[in-house]
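So that you can tell them apart, the chains are marked A, B, C, D, E and F in the order they are listed, and the count of residues begins at 1 in each.
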Amino acid sequence: MPNPQFEIRPSILVGDTADVYLQRTMSVLRSEKLNPGVVMEFFPRSRGVFCGIKEVATLLAKILPENGREVWALEEGETVDSHEVALRIKAPYGSIGLYETAICGIFSSCTGWATAARECVEAAQGIPVISFGGRHIHPNVAPIRDSAAVVGGYVSCSSVLGARLAGVTAAGTMPHSLILVMGDTVKAVQAFDRHMPQDVPRIALVDTFKDEAEESLNVARALKDRLRGVRLDTPAERGGVTPELVKEVRSRLDLAGLKHVEIFVSGGVTPERIKGFAEAGAPVDAFGVGSYISGASLNDFTADIHEVDGKPVAKRGRIPGVTYNPRLERLL
Amino acid sequence: MPNPQFEIRPSILVGDTADVYLQRTMSVLRSEKLNPGVVMEFFPRSRGVFCGIKEVATLLAKILPENGREVWALEEGETVDSHEVALRIKAPYGSIGLYETAICGIFSSCTGWATAARECVEAAQGIPVISFGGRHIHPNVAPIRDSAAVVGGYVSCSSVLGARLAGVTAAGTMPHSLILVMGDTVKAVQAFDRHMPQDVPRIALVDTFKDEAEESLNVARALKDRLRGVRLDTPAERGGVTPELVKEVRSRLDLAGLKHVEIFVSGGVTPERIKGFAEAGAPVDAFGVGSYISGASLNDFTADIHEVDGKPVAKRGRIPGVTYNPRLERLL
Amino acid sequence: MPNPQFEIRPSILVGDTADVYLQRTMSVLRSEKLNPGVVMEFFPRSRGVFCGIKEVATLLAKILPENGREVWALEEGETVDSHEVALRIKAPYGSIGLYETAICGIFSSCTGWATAARECVEAAQGIPVISFGGRHIHPNVAPIRDSAAVVGGYVSCSSVLGARLAGVTAAGTMPHSLILVMGDTVKAVQAFDRHMPQDVPRIALVDTFKDEAEESLNVARALKDRLRGVRLDTPAERGGVTPELVKEVRSRLDLAGLKHVEIFVSGGVTPERIKGFAEAGAPVDAFGVGSYISGASLNDFTADIHEVDGKPVAKRGRIPGVTYNPRLERLL
Amino acid sequence: MPNPQFEIRPSILVGDTADVYLQRTMSVLRSEKLNPGVVMEFFPRSRGVFCGIKEVATLLAKILPENGREVWALEEGETVDSHEVALRIKAPYGSIGLYETAICGIFSSCTGWATAARECVEAAQGIPVISFGGRHIHPNVAPIRDSAAVVGGYVSCSSVLGARLAGVTAAGTMPHSLILVMGDTVKAVQAFDRHMPQDVPRIALVDTFKDEAEESLNVARALKDRLRGVRLDTPAERGGVTPELVKEVRSRLDLAGLKHVEIFVSGGVTPERIKGFAEAGAPVDAFGVGSYISGASLNDFTADIHEVDGKPVAKRGRIPGVTYNPRLERLL
Amino acid sequence: MPNPQFEIRPSILVGDTADVYLQRTMSVLRSEKLNPGVVMEFFPRSRGVFCGIKEVATLLAKILPENGREVWALEEGETVDSHEVALRIKAPYGSIGLYETAICGIFSSCTGWATAARECVEAAQGIPVISFGGRHIHPNVAPIRDSAAVVGGYVSCSSVLGARLAGVTAAGTMPHSLILVMGDTVKAVQAFDRHMPQDVPRIALVDTFKDEAEESLNVARALKDRLRGVRLDTPAERGGVTPELVKEVRSRLDLAGLKHVEIFVSGGVTPERIKGFAEAGAPVDAFGVGSYISGASLNDFTADIHEVDGKPVAKRGRIPGVTYNPRLERLL
Amino acid sequence: MPNPQFEIRPSILVGDTADVYLQRTMSVLRSEKLNPGVVMEFFPRSRGVFCGIKEVATLLAKILPENGREVWALEEGETVDSHEVALRIKAPYGSIGLYETAICGIFSSCTGWATAARECVEAAQGIPVISFGGRHIHPNVAPIRDSAAVVGGYVSCSSVLGARLAGVTAAGTMPHSLILVMGDTVKAVQAFDRHMPQDVPRIALVDTFKDEAEESLNVARALKDRLRGVRLDTPAERGGVTPELVKEVRSRLDLAGLKHVEIFVSGGVTPERIKGFAEAGAPVDAFGVGSYISGASLNDFTADIHEVDGKPVAKRGRIPGVTYNPRLERLL
């Protein structure tokens, strides 16, 4: 399952992102000439969509010796239960000890993101959801977050690199800045239409200067059949996008004979709000979700040693010996 | 304020971590031969400790033309109010438009982390706090999170790279894995003592195999004056670390004439629990905090264009024109 | 304090709005030839702004014999405490018994309305409040409700008859129907301006067809100095009127040199929301409040006989004899 | 459905109870020589028992021209859904515009009252409920409230005029004042019995001077078979009427061979308390409910223009064009 | 149903524990030469497990004259409903009046205790529960409380006298004081094993000096097959006993081939916590519960006279006459 | 401080009320010939009014050898803090070990009762409170509970034996049974008056058959100056005693010239309700409180050994060595 698209940064490989006490531990054990085989198990604090194993597999393939290693794991995107073992590594401690920090970190972040994405997908009941808004999270991980959202069920994402990792086509409409720079929504949409390749869908952002319903009609009349849809992104200061607004825009478009124009909704969208649209029967064609995933709770992963040199061990509070989990598959 | 320690990855510089609609916008504007000067302002959703500006400054120094640019900002670590403008950039739109995603992302993550760190520091009322547990977050950002924690007031952090970014010495004790591999806490502590340089403090983890109070006395008798302290990290399955446990260990150490041995507390520590220790008068010498910061809410930042070619503009829901904020200082 | 403006309807005077048992009681007592002098006291269930006494005084002046009657009361608009006696009548039972229902009813409704009005006035901290929206309550009492709102501190009201009862000038702007019938906000405002007398202030309703900020500028440019203000009445489906919207409209008007144009806010306004505007520093020039008063809790009044033929009596649960209340003033 | 019993007051017909801006609108449109045909629709804010249409029909019959008018409505007493169109009027704007305030006001009040009445009726599970206590609301509307309660399912009401509007016989027992004036419950009941026509039921109020159970036996022994029932109206200061009290009085009456005497309960009765009596199996023969209905939340109605001169229109936030509702019946 | 084990103290028989007004009442009635036959009924305030009737029967057998008495009651351990008559006594008032206080008192305490015990038993779903901790309640009633717990379903209790009253064998393990006095858990367990008769089960308390899991293995290795079980009683300062701790101790014992060693849990156990153990599937072999029962709410009993000399009577608030309850059985 | 009034029952002295494991411990230690001197400390779980030490002192004087014993304690009635040492015993373990159960039990019950009593006293702000209702608790401890209530600040109690233990005169009025047996309140009060000694205050219970206010006047007119007061004990089925009822009865008594008649309140009285009377200014002359104290939470006491043969020891979770508490006084 390793995926060469994931780049493992040199600082990770040399252990500079690890907790310093692991570097010290490696040094003490080397001095003591100790390098026993261990079984290390990784489990999450709570139930979720397991994610990150492709990136971790890419790392493990680089660091574990080919002989004597044994790696078992759940698959990317499977549901993992609270405290269920999701990855088991059997290897000499010297080859794996330093990477406990990085492996837990990848799982904690990615599983948290994929789980949040799944919640949105389930709330949307078949309406497509797209990962928007790389702006809510550090660019060093924004594309990985986008890719985890696709693992959680999103159909696409907005960052170029995230789409590449996930193997999908990046999706997007147009930003407020284009319209502000050009000074008029219709002009901006017409320029976009003039210069973009045919396969880029024309989706107009319609809340920049005028009422959304009014502007939707304006851009639809300007682009006619070439307009794929409009995006409603009304700011909180104007009440946000509501199910009633979607219904009204739909109704005014239909009344003007513009039934082909789709409606996309973005701006602070959450599973709760998605349910609100669904229950009100608002005709949304796609949701763009950003901050809900970035701000999702991490799902902390913990690593525990359960065997040393073939003998069951565990620290206080854990059960000694290899934990039985028939769902794990051999990975390496 | 740029800090060369922050590495700006090539994928960020070429715009691959950006939302795809920004790449398209750049292309449309180039085709239209439009590149007006703009004023772009960045503000957070809620009050917090402003963080990330050193990394952003490093980015801006690389991308903005030296002539005609003007950058004003709050300083790293200052308190920023809800919706207060924290960064204002004046530049040709063509040089800055593509980086809106990355700049917001850096601020959102770093400010969220620094704010959470500040909460812990305030709860601790003078007791030092250290950033532990890179394992709770993706290694691509774990060191940056550590460095943001120091901006928020932590005295140190556990990752080697994080310490380098923050200009502090990395801190750490010893992991459960060292003790499990060696099979006995006293033996592990003695090995650590044998092989580590003099300037690494000897802090023993005492909850692996035995009762914490009993084990504290064991390691203290073994290392005598060379023992700097013990770390209590009792797992939730054994009740976690409580103020009463700290008091009892202190008392048993004192009764045995081991008053020099300090007590460090870690494991699911939160501001709430830190207050509990303080109110109970538990004699803690330092706290190690991990998942509280990693799991902190992001503090979303938004970018808005307020001037185009010298004229005040704004999208609906915003006030047109440059926003007055006398706290900003010229950065570039 | 009787106010001849209050029309006492014949059905009230003949007792047809009274509970039928009072008519029967009158009949029994006449047959028994009983007509003792009684002291009847009226008190409210809870604290509030006492209102209705002018209308009640108008009624009492019509029904009580001039000799032997004695009426003591609090004044219109005074604060009345929970269970405090607000009206005391000494009269032959035969002249007053039938009107217990009507008197309690007037007080219960009017005191409830005036109390709710006072809450709004206190929340508004000096910004004028106007009673809008006769449409929330039955037209038989809508003007009386408007008049009670003025007793509670409102500066004016929207119904013609209410204003007459309260001795103020009726206030109003323009309804959505005028704009819908004329098909365009600017045209409607211009027609209004052409035909209305000079002393009617020109206040444009700006949320019918377009974004409020855009439309405010349109009407202001059309009427220039003759425009007194704009009214924001954004429906809930569009997020209602928010403090941010008021600030933005103010800012865009100021930027366009239209500082003289005032901003009026209406639509589901409550004391809670008024406080929100105040705390956010939103520059509102007046509030129009409708359904909050109409839907206010009534403040039930109860009548009790405390003396019969000069002897203290009371039903179980009440204290016999005239209740001491030095705040009462002789009315009739 | 017009009901001539409803008196439309002159002040309503001349528009003096209307909002002043409607009078001004009529004047502007006359000056502009505009009088287009419009479709105006009325809908409530929340679900309830539709009430007031008989009174509104009486008004409409007076004001709309016979030619060209078209009125469709739900029937009095039908359930109306939140935001469902309950009345649709097609008429020249000049004939209807002024009455928007009055029509909405009638519906808002009456529907609120009928809905509250229905709640009580449903809680009572077949035990009759009577509208008591005109004293809780202004006498200008008290009879209309009584009549709305009958629309909601009450079997009768206490005001003479309300009973006439609703086409029922007014119901009542005797007030505390009769007993206080006569000085003794038994004497008062005997006087009532002597002088009232045979068809007025003898129902004694038994909480004025003595314990309810004791007094019930006293009056029952005095009137024998002529006593229809007793009314319990214990004040809050004595604990109010409880299910246990009803059971005990029933038991003491039965033990004394007075099984024919019925028990009526009044005093602060609410659906919640009615349910309490039902669940405890307390043998109540009828409830009298007053303040619960008077103090019920109004159910605000709103009027919207959806067509002007045959063309679909609507203000922002509404769907243009006539709203489909097959439940409406042609009224005029 | 009298049980001679229950000792009725002289102070009760002479009436010194009674309310003084009952002594005075007896004196007044004797002076008035009044001693009518009465029916006195006893009922609880709320639903519960009826307990105390054996002790009460022992008292009644001593005080009631054999002729003319009639005693009907529910049986010990039956469920009694809120306000259900649980005991009915027909006797001359002079023979029973003085004992109303004592009888109610016995029922109130015992029924409260038995009801709390039943809650624990139901939560435990078949796992045995033992009454521990006479130390939570006054020794004058501690054994009676233990006996009531057995009525509620406990299998045994810790006090010698309580076990005798309940007809079971007293149960216990060993106290912390034995281990503290001997200075070492293993030594204390070995001494216990040396000196106790064969039929006393060897159950070691394992939380005094060391970690519970570690000490469990120590004592099990010392006593081998003679060890019946270990008792976990971890104090709150160390997190209390948790389901995870039980599972881990079980697992470590099994891994060491000590499957015969049972696990007993005590220390602040409540029904809520018992459910927690059950839901988590923690393999507990028995629970010891102390303070939950001692601190249980009493279930107040009230005595009412319902017949005097064969005539139905009752005070206000009660139904006169003997209350029908077919569940009562003749006792005396 | 021993008080010979407290009878220590033989079953306590022989250890039959103790937990069986203490008997076994004594036997093991005797076999091992171990009888070290120990320091045993007793502390409560929560803050309260310390009570029971007189009874415990009576026990200790019987069981501890005169030589070598040392007993330190807080005084009866002092406030004891949560976890504060309230009793410290230094003695050979063999003389004290068996009584740990009884001593903790006495403190737990008595301190819980005294603490609840203090709450009532503090709420009453100077109005006397009397312990009523031995019927709420087992007669084996009812008098001890009464005596603890006096320690908590009550002025008297209703049980004869409780008054003797506390050194006060027992207080009481008359029970419902006297009135029911005699069939009439006035007759019962007159009989009471005829036969009781002069020093027994005449306090009439006035809620049995009639309304309280009516009956109060009846008995006051019958006994004139000899009536000390009336007791209101209205059952919950009639609304209980309310502040308004007290005020009304006071007012009707005063109006009838019976100002000397006092008003006593009983029936489900709690600190919360006492505060309600105080805040409403209801003129209560004394409160009788029963079930609130009986049903009070126990305040669990725990015994810990802190020294064995002069050496500091403690189980896990406690601090070894004698606990410093300068408030303790030498008792034996």
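Everything that follows uses one rule, which is that a contact is a pair of C-beta atoms (placed from the backbone, for glycine too) under 8 Å apart; a residue touches a chain by one contact, two chains touch by 3 or more.
Note that the structure is a prediction, hence the values are computed from the model and not measured.
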Intersection of contact sets, chain C vs chain F, gives B, D
Give the chains in contact with both chain B and chain F, ordered by label.
C, E
For C-F, which listed pair, B-F, A-B or C-D, repeats its interface with over half of the contact pairs the same?
B-F
Return the chain whose centre of C-alpha atoms lies at maximal distance from the corresponding centre of chain D.
B
Comparing the two chain pairs, does E-F have more C-beta contacts than B-E, or is it the other way round?
E-F
If every chain is reduced to the average of its C-alpha atoms, which one ends up farthest from chain C?
E
Can you tell me the C-alpha superposition angle of chain B onto chain D, nearest 5°?
180
Determine the centre-to-centre distance between chain D and chain F, using the mean Cα coordinates as centres, and give it in whole Å.
56
Chain-centre distance (mean CA atoms) for chain C and chain E, in whole Å, is 64
For chain F, residue numbers touching 2 or more other chains are 209-211, 234, 236-238, 244-245, 248, 316-318
Which pairs of chains touch one another in this structure?
A-B, A-C, A-D, A-E, B-C, B-E, B-F, C-D, C-F, D-E, D-F, E-F
Would you mind writing out the residues of chain D in touch with chain F in their complex?
209-211, 214, 234, 236-240, 242, 244-245, 248
In their complex, what parts of chain C are in touch with chain F?
312, 316-321
Touching residues of chain A toward chain D in the complex: what are they?
211, 213, 244-245, 247-248, 251-252, 255
Could you please specify the touching residues of chain F with respect to chain E in the complex?
9, 11-12, 15-25, 27-29, 31-32, 34, 36, 38, 40, 93, 97, 100-102, 104-106, 108-110, 132-144, 158-164, 170-183, 191-192, 194-196, 200, 207-210, 234-238, 291, 294-295, 297-298, 300-305, 308, 313-318
